[in-house]
Each structure stands twice: as structure tokens, then as C-alpha cells.
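Next come two complexes, and both contain subunit A; in the first it sits with subunit B, in the second with subunit C.
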Partner chain A sequence: MKKNSGKRKISEKISETIMSALAGIGVLAILFIFVFVFLRALPVFKESGIGLFISTGFERQVVTAYGSAEPLYSFGLLGLITGTLATTTLAIVTASLIGIGSAVVISEFAPRPLAYSLTSLVRLLASIPSVIFGLVGVIIVVPFISSLFVTTELQLQYLSRFQITGRGLLASVIVLTFMLVPTVTALSADAIAAVPKRFKEAGYAMGMTRFRVILKIILPTGRSGIIASVILAAGRGIGEAIALAMVCGGIGLVPDLSLGFVTLLAPVLPLSAAIMVNSEGAGSQSVSAALFACAAVLLLIGTVLSITARAVNSYMRKKIGDAA
Partner chain B sequence: MNEEEKNPAIKIENVNIRYGDNRVLNDVSIDVPKNSIYAFIGPSGCGKTTMIRSINRMNDFVAGFKLTGRVLLNGTDIYTDKKPQVLRKKIGMVFQQPNPLPVSIMQNMILPLTEHYRGAISHFRELAEQKLKACALYGEVKDKLDKPAFELSGGQQQRLCIARALMLEPSVILFDEPCSALDPISTHTIEDLLIELKKERTIIIVTHNMEQARRVSDYTAFFYNGVIAEAGQTNKLFFTPETELLEKYITGKFS
Partner chain C sequence: MKPKKIFALTLVMVFAFLLIPAMNLSASATTAATVKRTVNVDGFEIATDTVTDGSTVLVPLKFLEEAVGAITTYNPRSRSISIRTASFSFSMDIGQRSYTVNGQRRSMPVAPRLSGTVPYVPLVTVIRDIGGIFATNPSTKNMTVTYFSNISGNVVITGSTTLYPFMVEAADFLNEFNPNLNITVAGGGSGAGQTGTIDGTNNIGMSSSTVSADRQKQIRYIIPVAYDAIAIVIHPSNPVQNLTLAQAAAIFKGEITNWNEVGGNNAPIIVHSRDAVSGTGVTVRELLIRPFYGSDNDAIVETATPHVSNGLQRNAVASDVNAVGFLSIGYVDSTVKFVSLNDIAPTFDTVISGAYPLGRNLYLLSRSRPMGASARIIDFIRTNHAQQEFIAAAEFLTIRPIN
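== the complex of A and B ==
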């Protein structure tokens, strides 16, 4: 007995050491990526300064930089940054509403066998490669948008500013929403299913209707997992390149809200799509630095997102306690 | 038959219950007089939980649940109403596992009120403090009312759940083995509380603890295999049981 526990201690120590070593390697790798990306982007940061964040014209600047003999390091990413923020924010909002709603239906309303097959289906959908979503976007969503909203008069009216083709913010948001809904649904459904039955019973016993139990007990109790699902989806959305490159229109315009609905039809160019679209030019020193600058800004946005999410969650935990 | 027994708060009339093809209760009839404590005892699996959860319609959620016969609250059949949530405001329930919600003590207490009534939170808080006092919990928690309810001990959590159930002023409260997860001291505190509560309310309690049934209840029903083998005043049942089954059960010679 004693010998056994001694042995267990040693093996526990060994596995503990291995675990922390692996965790250390992971942290180092992430640090390395950050440092590498920022070093490669450094000339652009130095040369463009604050202009990087407040000026536009990235597509033109890349073409000029590629053709120029001298390395040019002055770029403006404002259009790309707003493009990323606009597509992801809108897509996350719609995907969260649809995804959390579906998760509630699956785990609270669907009968057992149906719920089980729906969950498997959603997991399958979540693992579809994004290029397929892009393809569906090009073949179905873009033509649908243009047949529904795009008229020749509209195209002529805005010709001097941008082309209206059906590719643009709306198409990007729709495609991205399709992509993110399964992720949000699958993970939220897990979070909702993990809400202990006794909490729900507490609600019913005090005379709550099913709807009130969902609203006041299930969603708040499953909050951590639901927020995590949204964050994961947001991360996937920010980083999504292929599908967006196929439907975004490829021009880094800052969404102009004064245009009203037409804003949604205007082309955009999110950071990740910009990296992909321009990767052929990476042979040029300055284009490569520009793409690394895009990557650095993406990393920053991702970091800010995850820190805020953590802060929000821990604030809520402090305020209302945690279910565990 | 005294005055109370003529107008029972809860009247269970020829109730049969099945889950799908599984017949769980057969022809159960019980009268629970007002302001009394009625204990349901009997071996595991005999249908006590099924019976008590049918009194506030918690079994409505169970697929295959089917009840025939009648359950009356103050003379009206509870199963004719389309809205069980209205019934559950009038009949409180306390569960085997304490189930405070993952929010603060005070939020647990005022949730039933904010859910059903409009009013000033400060007023709700006052009412909550009254109920916490009634459940002999206020002194222990008055400094941490806004702390998570999970920081309380099991016994305190259970008293919190009782206090929470009182917030809607139910005329009947159902307890399904409320002390089975608690230590003897917490159990005693809750038993005293039950006796206090019955002054204004009617109580039904499921228990596996024979001492508890004897100590707190006025009436007892002995469930066996889906039927009531014996029921009546607790004193009579425990001192002069009519059936051999019950005698064996209360003396612990049951197998």
C-alpha cells in the first residue's frame, strides 16, 4: 500500500513536469509568433506611424509598393480594420442570436433522439472547411443579393465611389454568419445541457414558465460556456480569410453609415482576406512587411477581444457568483 | 373526524399514476388536513416522490407521465388548469438536494417576487429578511446577503431554499427528503422549522427517517409497492400499526 502510493507520487510528479513543460512550450511558441510578426512589421509601423490606423488606400499602396524599386513602407489600414470589425461584429451578433436560439431549442425543446441527431449534425457543420462556405457564398449568396437589391440605377448612382456587384459587406456577413452559427450552437448546446436539473426545478417550483426558466435560469447559469462559444466564434470570424476573400468585394472601404442600407452593399476588405489576396506579392520586401503589419493588427484585435471577454466573465462571476 | 379533517387542504382521490407502461401508483387516496404535517414513508421505489411531485405538477415534464383520479387543492382539481405555473405559486416545494441558484443569497430570496410582482426592491428585501428570520437563518447570513448562496453550508442552503419557498406565501409546502443530505444538527433545526411553519401552512414531507416522521408529523401514509398500505394519525400508526408490513418497516426489520 505504502509502496504503491510512493510510486503514484513519482508518476504524478513526472506527468506534472511533462505537462508544465508542454504548457511552457505552448506559451513560448505564442510569444515567438507575436515577436516574429511584430519584428517583420516594424518598418511599416515606423514609417506609417499613426497613419497606419487612420488612413486608407491599402490596395493601391500595395500595388505601388510592389512596382517600386525603392522599398515603400507607408500604408493605411483603416479600411481593413473597419472591414474586419464590421463583418465580424455583425456576423457575431446574428450568429449568436441564431446559434444560442438553436442551442436552446435543441437542448430544451427537442425530444431526446432528435436532439441527439441534431447535435451530431451541428458538429458536422462546424467542421466544414471555410472554402466551401465561400463557394456557397459565390454561387448562392452573391447572386441572391444582387438579384434582390442590385439595380442598374443603383450601380450608376454609386459608380463614382464603388462598384455594387453583390459582393460586399452583406455577403460577407451572411457567409460568415453561416460559418459561425454551428460553432456557437454546438458549444452553447453543451453549456445549456450542463445546467443542473435542480436549478431548473428551482425555477419551475417558484412558478416560472418554461420561457422564464430559459431566460432567468438556464441562460445565466450556462453563461460562461455560452460566452466562450461566442468568443471562439469571434476568433474564427476575425481570422477567416478564404471565404471572405471570395465574397467581400476586395476593396478596403470604410463603411459609410450615411449611405444607409447601401453601406451593406459596398465592398469591404477585412485584414485576413487582405493578407490572402495579396500574398502573391509577398516576394516584395515592403509588401511582405505590409502583410505582417496586417497580421500584427489582427493579433492585437484578437488579444484585446479575449482579454475583454475574460474581464467581462470574471466581473460577472464576482457579481453574481458562479455555478459549480 | 374533527373540523380540519372535513376540509382537507389537499385531497388525493383515487389517483393512479404510470410512466409509459410502468404503473407506479394504484388507487391512492389521502386527505391532508389544513395546518398539519403529513409524512409519506415507505421503502425506496414505492412511489413517494412520484406522489409528492404530482401535487405541484412537477411530473408534467416527464415524458409518458399519466395521472388518473383527482388531486384537489382546497376543493379544486389542480389538473384541470392549463397553467401549472399558477398552481406552483400556491404550492411551494423543497427538494432533496438544496438548490439555491448561482446568484447571491438575497437574489435567491427576491427572485420569486420579482418574477411575479412589481414593487420596490427595497420592499422585497425587507420581506426577504423577514422570511430569513422565520427560517432561523437571518442571524447567520445577515452580513453576507449579497454573497453567493453557494458559500453557505448544506444545512444553511436548505434553510435558504425553505425561506425562498416562503416568499410567495404558499398555503402548502412539499418537502421531498429535505434532510437526507444534512447532518443531525441541521436536521433538527429544520424539523423545528417545519413545526413552526405548520401554524400557518400545510406541509407534506417524504422521509426515510422514521424518527423524523414520528417527531414532526401529525399524519403518516405508508406507501408500499405503489399502494397505500396504511395511513392515519402518526401516533396511531407508529404505536399500534395494523399491518405486519408497517410494523416491520418502522422497527427496521424490513428486507
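== the complex of A and C ==
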């Protein structure tokens, strides 16, 4: 008996060490990525300083750096940062509205067989490679936008500042929304399905309408799952490169809100798309450093987002209590 | 005395008659009669004129270009011949059996000779020296050359997306032909092709832009395998047919911004271009903008919409009536319309002749003189067969005219 338990302890210890070693490797890998990316980007951070975050003109700087014999490390990422934030924020807002709505429909309104097939469909959509969304964007979304909004007069009017081609913020947001809706829907539907039936029944028993049950019971109870789905979608949105590179217009302009609707037609260049578009030039020392700087800023944005989301979630948990 | 004189005379005459065939023989050495024969090169029958001397078959210099992708030159003044494959360079002289391969002195069974003005060289010597197998069927006299079907090794080819489509096809063909050969072809662009060649991540680089003098120190072997031209394309409904080079340069520089300045409608010129580091984009800057604006000021207008591939740019021009863009000639199709430059349309003839101003070479690169499998691949892509099957089929221009 004693021998046996001793043996088990040893084997448990061994598996424990293996597990923690594996976990350690995971943590180390992440740390290594951070350190590596920041080290490679260091020349750019040093040379550009704060200008990296407050000046623009990235595409032209890349052209110059690529053609220059001496390494140039002065870059301005403001346009890229605002482009990333604008596309992701707008896409997250629309995708959350559509995605959470569809999740409610799937798990609350649709009859069983329909809900089941809708769920599998959404999961399938979530696994579509992003390049396909990019193609759909180029072949359908961009021509659709240009036929709706782009006129020769409009093109003439803004020609000196930017070209209106249908590629731009609006196209990026639409394509990104398409990409994020399945993620939000699939995960939110799971979260909603996990809301205990007795909660809903209690609501109905108290004479609440279906709408109020959804608004006051289901959504607040499934809140943390829904928020998690939105965070995951935001992560995918920030990191999305190829689909956006195909429809964003490729120029890192800071969205100018004073233009009103035309802002949506102006080209943008999110960080991840900038890395993808210019990766061919990574053979050049300075272009490579610039792309690592983009990656570093992207990592920073991702980290900040993740921490903020956690903070918001725990704040809300404290404020209204965790129902589920 | 008399019979003696007659005897001597007959003797002289007999000698003279004996000399006639000998003189004939020495005459045939310079203007030998040619015979049409076929040589089987790795399964492909190639017809050629031949000259036979004893058991040695001589072929015209050009045959070596068509069959094994060599570069040959003949200097009639010094009567010297040079033959260069990727790995080997021969230097021979008409009428001399001794020759050199990569600087090493050797001797061949019969000397190169002229038939008319065409130099002929012994096929067996060249094929065996470059590492091929030459065999003649004793009964049928059929000649077979094995050079592209006995390759083995791993070869990585990376670089320009312009060369990529036909290099992939050629690599697939060779991989299938050679069980022990494994060629991997990847894109990445001309810039990546050049740096890959320098740092050794590829065995062969592909580049659609010229290698800078600086980089030529590290990339010692640069060989064109096809020609390409860049066409300036517009929407099919755009009435503009022709631009002067200066106008085209000004359009891409952003100094001409309305189609009515070049004879079109009152409409903005929407400029499409490639990403900052594309080989096609770099070529446009070098060939079109630089001559007018200088190398410090040759960037394409800042507002131009960049695209990551030729195909996406074509798609963009095809869907915007006010658009202008540039494409590798192989990508021009009926969805877009090319404009003539200085009244010269980008056709195969104008590009080959050099009349069309935006022509360029497509190169394969190697850090040093290629050896082994890499060399065979480079030789292969320059053969007539490969030029026809892969270069012409991909709508690029072949390095030599192919009937």
C-alpha cells in the first residue's frame, strides 16, 4: 500500500514537472517573441523617438529606405496606428451588433433544427481563410462601393489629397466585419446557451416579455462570454493583414473626420497590412527594422487591448455581480 | 632515253591523280557538305545540319544554344569560338584540335570547322565536357544526348513574382523528369530573390530588375532567361491611345493629373502602382521616371494606390474608367487597354528590337558560377524547348527567336 502510494507520488511529480516545463516553454516563447521583436525594432525606436507615434508618411519612407545605400531608421507610424484603430474599432462595433444579434436569434428564436444548422454554418464561416474575404472584398465590396459613392467629381475634388477608388476605410471595415461576425456569433451563442434555463423561466414567470428577458437576463448573464468573443474578434481584427491589404487602399492616411463621409472613402493602411505589403523589402536592413517596429506597436496595441478588456470585465463583475 | 622520259611523265601524272582526292579532302575540311540529321536530346528530337568526319559528328554552334541552352559566339576575324553553359566555358579555334574548358587545356578528336560561314563543333566533346551523356546507336546512327534527365539534388529558387509562374512550370517538368531532383520555387519578389542569393537562402535567385553594381560584387552570375516589357494600361473605355514618354512619366509622377491634359476626357487620373519594393515598380521608376526626374526624385506619386500583385493591379484598372496602371506584358488581357509610348505599342517585335522603351530582362542569379543541378536548370530554361513551352506559353518574350 505504502509503496504504491509512494510510486504514484513520484509519477505525479514527474508529470507535474513536465507540465510546468511545457507551460514554462509557452511563457518563454511569448517573452522571446516580445524581446526579439523589440530588439529588431530598436534602431527605429532610437532614431525616430516619439516621432514614430506622431508623424506620418510611412510608405514614402519605406521607398526611400529601400532604395538608400545607407540604412535609414526614421519612420512615422501615426497613419498606420490610426488606420489600425479606425478599421478595428468600427468593424468591432458593427460585428458585435450583428454577431450578438445573430447569436440571440440562433439560441433563442430559431427552432432547434434551424438553430443547429445555423450554428454549424457560422462555425464554418469562422474558419474561412482570410485571403478569401480579401478576394470577396476586391471582387464585390470595392466595385459595390465605387458604384454607390465614387463619382468623377468626387475623385477630382480630392485628387490632390488622396485617390478615391473604392478601396479605403469603408471597404476595410466591411470586409473586416464579415470576418469578425462569425467569431462573435459562434462564441456569443455558446455563452448565451450556457445561461441556465431557470433564470429565463424565472423572468417569464415574473411576466417579462421575451425582449426584456433577453435584454435584462440573458445578455447580462452571458456577459463575460460575450465580452470574450468580442475581445477575440478584436484580436483577429487587429492582426488581420492580407484581406485588409487587398482593400485598404494601401496609404497610411490619418482619418480626417472633418471630411465627413468622404473619410470613409479615403485609403488607410493598418499596421498588419503594412507589414504584409512591404515584407518583400525585408531584405533591406532598415525596411526590416521598420516592419519590426510595426510589429512591436501591434503587439503593444494588442497587449493594451487585452489588459483593458480584463479590467473592464472585472470592473463590471464588481459593479453588477457575476450572475453565471 | 625516250622510254625513260615517258616513264617519268606517267609517274608524275599518276602522282598528280593521286593528289586530286587528297586536295579534295583538304577542301572538304573547310566547306564540308552538310547532312540533315536529328539528335535526340532527353527525348526531344531536334533536327539539325551536321557534318561528319570519320565517326565524329559536328553540329552548328547554334545547335548548342537551342539544345543545351549555351551562349555561343564566333569571331570570324580571329576564327575563335566561345561556348558558355552555366558551369562551363569553352574556347576553341577553327582548325585547332586543342581547346580549353574553364581554362583547362584539352584536345578533341576532330577540329572545329566552317561550313560556308557557319562554325561546326564536335557534339560529343561538348556534351561529355559539360557532364552529359552522348551515345550513338551503332546500327541506326541515331544520336542521343542525356543532359536534362539525369539531374539530382535539391535546388531552392526564390524571387521575382514575374518569373515565378514559368519557373514553377519548368521546375515541375524537371522534377517529374528527374526522380532524384527536388526543385522548390517560391516568390517573394526581386528584392528577396537578390538578398536570398547573397545570403545563400536560395540556390538560384529570380529578379525582374537589374542587379545594382554594388550587389554585383556578391552576385557574380547573372543571366537573362526571358524578356519582359511593362505596359502602361488604362480602362478600355478611355479614349487615350498614345502618350509620349514624358507624359507617361509626368502622370506617374503626379504632375499630369487630368486626362484632358493628354487628349482624354475631363476626368482625374487615378494612378495605380505596385508596393514599394516590387520589381515591376522599381523598373517603372528606373526606365520611365528616372530619365526625366533624376534618380533622387523618381518615386511614383504619393497618392498612387499600391497593389501587392500584377493581377490585383489589373483588376483595379479594369474596374475604374479613370485609372492608369502598369503591368508586366504577360498580364495584359482584354479587361484593360495598353497605350502606345511615343507611338510604339508594346508588342513582342518592338520589345525584342529594343524600340519599345519599357522593356526589361528577367534574370536568374547565382552567388558564384552555378554548378550541378542549379547549372542544369539554368541551361534548361534557356533551351528552345523550355523557351517555347514555358516562356512563350507564359506570354513573355523568348531570348532568341523560335520558329
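Observations, loosely collected:
As a working rule, the second predicted complex is superposed on the first by the 305 of 324 C-alpha atoms of A that agree within 3 Å, B and C clash if a C-alpha of one lies under 4 Å from a C-alpha of the other, contacts with A are read in each partner's own complex, and residues count from 1 in each chain.
Convention: contacts are C-beta pairs under 8 Å (C-beta built on N, C-alpha and C of every residue); 3 or more make two chains touch, one makes a residue touch a chain.
Predicted model, so just to flag it, every value in this text is computed and none were measured.
In the superposed model, A:8 makes contact with neither subunit B nor subunit C. Applying the stated contact rule after C-alpha superposition, one finds that A:221 touches subunit B and leaves subunit C untouched.
In the superposition on chain A, A:155 makes contact with subunit C only, not with subunit B. The partner of subunit A that touches more of its residues, comparing subunit B with subunit C, is C. In the superposition on chain A, A:198 makes contact with subunit B only, while subunit C stays out of contact range. On subunit A, the positions that touch subunit C within their shared complex are 59-60, 62-64, 66, 69, 138-139, 142-143, 146, 152, 155-156, 159-167, 245-246, 249-251, 267, 276-278, 280-284, 287. Residues of subunit C touching subunit A in their complex: 188-189, 191-192, 194-196, 214, 257-258, 267-268, 270-272, 275-278, 299, 302-308, 312, 315-316, 319-320, 322-323. Those residues of subunit A lying in contact with subunit B across their complex are 111, 196, 198-199, 201-209, 212, 216-217, 220-221, 320-324.
Subunit B contributes residues 56, 58, 61, 63, 85-86, 88-89, 92-93, 95, 97, 99-104, 107, 111-112, 115-116, 147-150, 161, 164-165, 167-168 to its touches with subunit A in the complex.
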